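The same subunit A turns up in both complexes below, where it pairs with subunit B and then with subunit C.
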Partner chain A sequence: MTQIKIPSNRMLITLLICMLPVILLENIKSADKQTFLYEFVSTFVGIAASAVLFCLVYVSQKYTKCADVRCLYRKTVVGSFVTALIYCVYFVWLISYILLKYSDMFSKKFNQNASLFGIGLILLILCAYSSYKGANAIARCALIISVITAVSLLLIFCGNILNIDLSVADFGFSGNPSGFFDVMSNTFSISFTAVICLVLQNKSEKFKLRSVFVLFAAALLIFTAFAFFIRFALGSYAHMQEYSGFLLSKSSLLGSVGGIEGLYLFVSTISVFILVSLCLCCIKKSAFNTNGKHYLLFILPTAILLFCAQNIESVRDVLTNQIILNIMTVVVSLVLPAINLALYRRDTNV
Partner chain B sequence: MCKKAVSLILSVLFILVSITVSGCSPSKQIDKASLAETVAVDSGENGLSYIFFLLNSNDKPNVVSIEANSFEEACKKARKSYIPELSLSKFELFAVNEKIYAECLQKDLTYIAKNSEISPVSYFTLCDKNTLSGMKKNSKYLESIKEYINLLKKNNKDVSINCLSVFNKIYENNNLIIDVSYITSDEELKAEKGEIYIKNWEK
Partner chain C sequence: MYSSLKENISALKELFANSADLTVREMNLNSSDNKKAAIVTIEGMCSKDTVAISIIEPLLDYKFAQSDSDSMIDEIQKSVLTSSEIVKFNTLEETVMFATSGFALILLDGTKQMLAIGSQGFSFRSVTEPESEVVQRGSREGFTEPLRINMTLIRRRIKSPDLVFETVTVGKNSKTQLMLCYLQKSVSENLLEKVRDRLNGCNLDTVLASGYLSDYLEDNSSKSIFSGVGISERPDTVCGKLTEGRIAILVDGTPSVIILPHLFVEEFQSVDDYSNRPYYASFIRILKYLSFIIAVFLPGVYTAFAQYHPEYFPTGLLIKTSESISQTPLPVTLEVFLITIVYEIMREAGLRIPKPLGHAVSIVGALVIGESAVSAGIISSSTLMVVATAAICSYVTSPMYPTITVLRFLFITVGGLFGMWGIILATAIVLVNMCSKTSLGVPYMSSLAPFSLQSMRDVFIRSSWKKLSKHTIKIQRFSEKEED
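Our next item is the complex of A and B:
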């Protein structure tokens, strides 16, 4: 049976949806003294770094013509096993990272009695079912979801137009290095899409390089739009609460309808659902590369991590640490393939 | 056939687990009478008096007055003794007596800003004693006040009419006089430009 490949445009839209949780679940309190231009530059640097990483992954795929992520260390059984394990650990970590952020937002903003573990587990089970249907089905869902997401985001922005106050705007360039680093680190975290692409690359049509730039240009636009509205519509009010995205939706005013936080919850939930489902597909591809259900075993360590994170503060801090995630992303997307190229250069199909 | 049965069983089990884990059992019915639509601040016998106007469909408002030093304290007291299921998710108007705003505005606006339940675009207004008395007697006063505030904003673009803009203007411009809405009802209900001045807002 011929495997149907995901068209590259559909894959692009799916990856863009996967980037949304990073924006919507952002919990950075940008420094008071940081101007918009400073924040824009740090956002741009973070996204540019992600785009460079993505391009390097793209080029390395072309160079090695490797159809399977496990072919990185196919010479030995141990090498193949260790590589698969590293990628699976990475995706389990990414899933825990996103589910913890989502559960934290849900419990703080919508239902304080909700259990972090309970919310995470329910989503995980739903995503397990969707991942069983395959990456192609998820990408088709993402196409429909992207339309609803675009409309929801437009409504949130339009509802805040009347709140924009440029009289307090400072269009200078000033800020502090820690604020720059925080914003840059947050925007760089969208580079996990490069790893997803690396793993699923033989299930999708090959991107053209310009598609990568379109993807990250769209991401930059969405990040900048959020930063603009949070700074000029919410102002200092945004520093008083966590999850500025939620606050932005709460302050939307569309005629007599005030507060569309339900749309924010919907968009957050659905984008987390797509991302986690895709990560589970990546685990299936990395470890087993069959149509079996064995990859679902990885739900168990994820659930254990979520349970530990709910009860032990230090576990939660480690799992939601952006710097650790970014380092892991660089290792699995660049360092491992680079080592493989260095060791097995003569055996690659160049 | 066997596979279908297994899928069906798993689906049922999944639905069961979802309902249980999501915590539907301790669900609570939200009583309409617990939704505070408006809060007014007036001087009380021992400090400040926070008047909660609860959502109802009668002509006479459902009012609960609580003596407290701040909005946060008033909410805690309300939940403890007077309105156990108090919800501020329908909060629309914060009205403060123009004579006592300096005593409570900073801490109350800060509490509103930190509270995820309260919409940032809830109306804010100063008012006189007559207006506060009128609000306690007639539900239609509250609707009229919101209309007058909107009308004032249409005619005066620089007036801040919601908690978001008042908070931002005070927070970002220390020691500045801010134009806000001021509702009077000497002979009839009227919305004018009022002023507030908070010296040295503690950040």
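Our next item is the complex of A and C:
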């Protein structure tokens, strides 16, 4: 199998695009009791934790050269099977999590008659085609999308500049711990990028450590910009509503052109598309390590999960629980490689 | 071949199944034993004057000193004929190849050796300006059908020993001659090897046009609607591409030259860009990209907006559009779909019917289908305007017309079925398809994705010649190792 070669900068932009669904589909109602500085600090802590996790994964991969499932293939059948299974479960979970969030946003804000399962399934099928084309093609596509996304986000922000009202701003540092934890947990969920990077990067890749910092600095910037505009442009209106990113685009006014929520739809759809496609690529790499189409079988459990989530409320609650996702991320990115290294490093002789 | 002239002639006649265009002129040469000879030609392929003046006349006038047939063949080759292209051969395969290529064959009794004399004289179209690639400033010469003339058109522009023409024959029956053309110092040996391999793998019986070879030369041709093979009828365009390390394939009998590898951004470049002032050329370049986007997306987006998101229209436009649409009996999607299909039918009819009838089709199209349908309230004027604008825009990048047409229908369909969401998803799929496409291992979207800042001087804008000439960007720099 030919090793893919995704250059560092391209990988960086692709991962940044993958982070966007978390920012755009965030459904936390901005708590009015906490100040902007308090929210910023909680965002910063969440992102810093993600960056630390990413660095740990990066270091473990770079220096041990045996941090993911691939190094086990040659040595232990049971070990590789169990590890591959855990990775697959994680990615199926992540896909379901993102698709449910997206479908929920779509059905609440764009088409109330839309079925959660229908939207998820269509997106899943298209992502399957995209993943079949390979991670490198998706990464190239992400380059073009990043330009359109950047322009779209700039337009959304620029359209809200006139709405900014700093007269009621409180720049002190106060808030409640639960709000802090909610924001931190939300921002920490971008750490799934570490797992994607871990699976997609092969040993010869040179994803520079500098790129990790650029990636998380850019994420912090986008998170903060959204938080700033939601707080000062939307104000108390944002506290009552879900999906404040959508509200931001709806309240945007560029000259006489208003309501550019189409751009929000574009950015959120396309970023979800890239993320789900990459997750399917990760399933392909981690579970099969071949270029067959067997990995497409994983669409079936994902579709079943989506169907269950549409009909059973508790399933949806579990699948869209950020804390569970974050715990799984830590397990597959740190705990699992650590166990693998402890058990098999001597055997793998690397 | 045989030693006897009679047997050789019989064998040739049998081989060509007594074809009416195979002509044999027998004669007795002026030697001590009045040696029998014959000149074999295929009618229409050779110039009769050349054969009479340069071959028959010298042969009959010359007094041969020797009577040995093999020595006489050498004497004819070295002392008798004045032609610049004389080849000695002795196999049946070569006989067929030379005869069908317009050579006159000299057969002599008592020897297996034969001579092929270049006397091609078939009629062909002269060098004219290509209709599909018209320029305002620049050469008016375009490729024509005969291979040799096309080679000359390139050689005249690149007077360097670096320029190489390499002969390849494809087509089991047609034995079509191709010329691989490249600049030795610029081309990548890896690319060249790939082209040779793919041409060798071509198992077609007949190759009549360059389009026949495209599928064999492309990477996964059936998996993309975009073409990874460039076509040009202009020698100046081909020469420009050769200097960037590309390979041109000239096919005998067609004026369309294949250029490989081919990138997406090249679809928006033309010879005029490099003749005009950089500012104007850049403006035109951006206009072309804009036209491409309008041609592909406008009808689909209009359908999606009108059907699902009328609130996205500006208020004034919304009132007029909804007024216009409400008076028509068909749903917007069907209306846009039908007008686009009718337009495509008219376009195809306009292309195929004899020129004098073309005006009639235009009148029928413009007056009957256009004006009457609108005034009768069958179609809305806004829909007609949208389809017409998209149609005009699609001609700005005419080489991409087939792709644009397919994409337009795709976006109308998804726009009509799923609204803007469908358009966004279809865009994503098309983008992935484009980004996964490669041409001889070079990503089709090179310069954009993979991004190259240096290439940007000739993508959306065209920098001045001073900047462009500083460093020629070779195509092989974009090559990427792909996943299996």
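Quick notes on this one:
Heads up, the rule we're going with is that the second predicted complex is superposed on the first by the 332 of 350 C-alpha atoms of A that agree within 3 Å, B and C clash if a C-alpha of one lies under 4 Å from a C-alpha of the other, contacts with A are read in each partner's own complex, and residues count from 1 in each chain.
Operating definition for what follows: a residue touches a chain if its C-beta (ideal position, glycine included) is under 8 Å from a C-beta of that chain, and two chains touch if they have at least 3 such contacts.
Since this is a predicted model, take the numbers as computed values, not measurements.
In the three-chain model built by superposing on subunit A, subunit B fits alongside subunit C with no clash. When the two structures are aligned on the shared chain, A:166 is found in touch with neither subunit B nor subunit C.
Touch criterion not met for A:342: it reaches neither subunit B nor subunit C. Between subunit B and subunit C, it is C that contacts the larger number of residues in subunit A.
In the superposition on chain A, contact of A:138 is made with subunit C only, not with subunit B. After overlaying the two complexes on the shared chain, residue contacts for A:122 are found with subunit B and with subunit C alike.
When the two structures are aligned on the shared chain, A:270 is found in touch with subunit C, with no touch to subunit B.
In the superposed model, A:78 makes contact with neither subunit B nor subunit C. Subunit B and subunit C, viewed from the C-alpha centre of subunit A in the overlaid structures, lie at an angle of 90 degrees when rounded to the nearest 10.
In the superposed model, A:262 lies in contact with subunit C only, and not with subunit B.
After the two structures are overlaid on chain A, the closest C-alpha atoms of subunit B and subunit C sit 5 Å apart. Under the contact criterion defined above, the residues of subunit A that touch both subunit B in one complex and subunit C in the other are 122, 259. Within the complex formed with subunit B, the subunit A residues making contact are 108-109, 113-115, 118-119, 121-122, 125, 163, 165, 168, 234-237, 240-241, 246-247, 250-251, 253, 258-259.
Note for the complex: subunit B touches subunit A at residues 14, 17-18, 21-23, 26, 110, 113-114, 116, 119-121, 164-165, 167-168, 171-173. Per the touch definition, subunit A reaches subunit C in the complex via residues 1-5, 7, 10, 106, 110-111, 122-123, 126, 129-130, 133-138, 140-141, 143-145, 256-257, 259, 262, 265-266, 269-270, 273, 277, 291.
In the complex of the two chains, the subunit C residues touching subunit A come out as 309, 311-312, 314, 419-421, 424-425, 427-429, 431-436, 443, 445, 448-451, 480-484.
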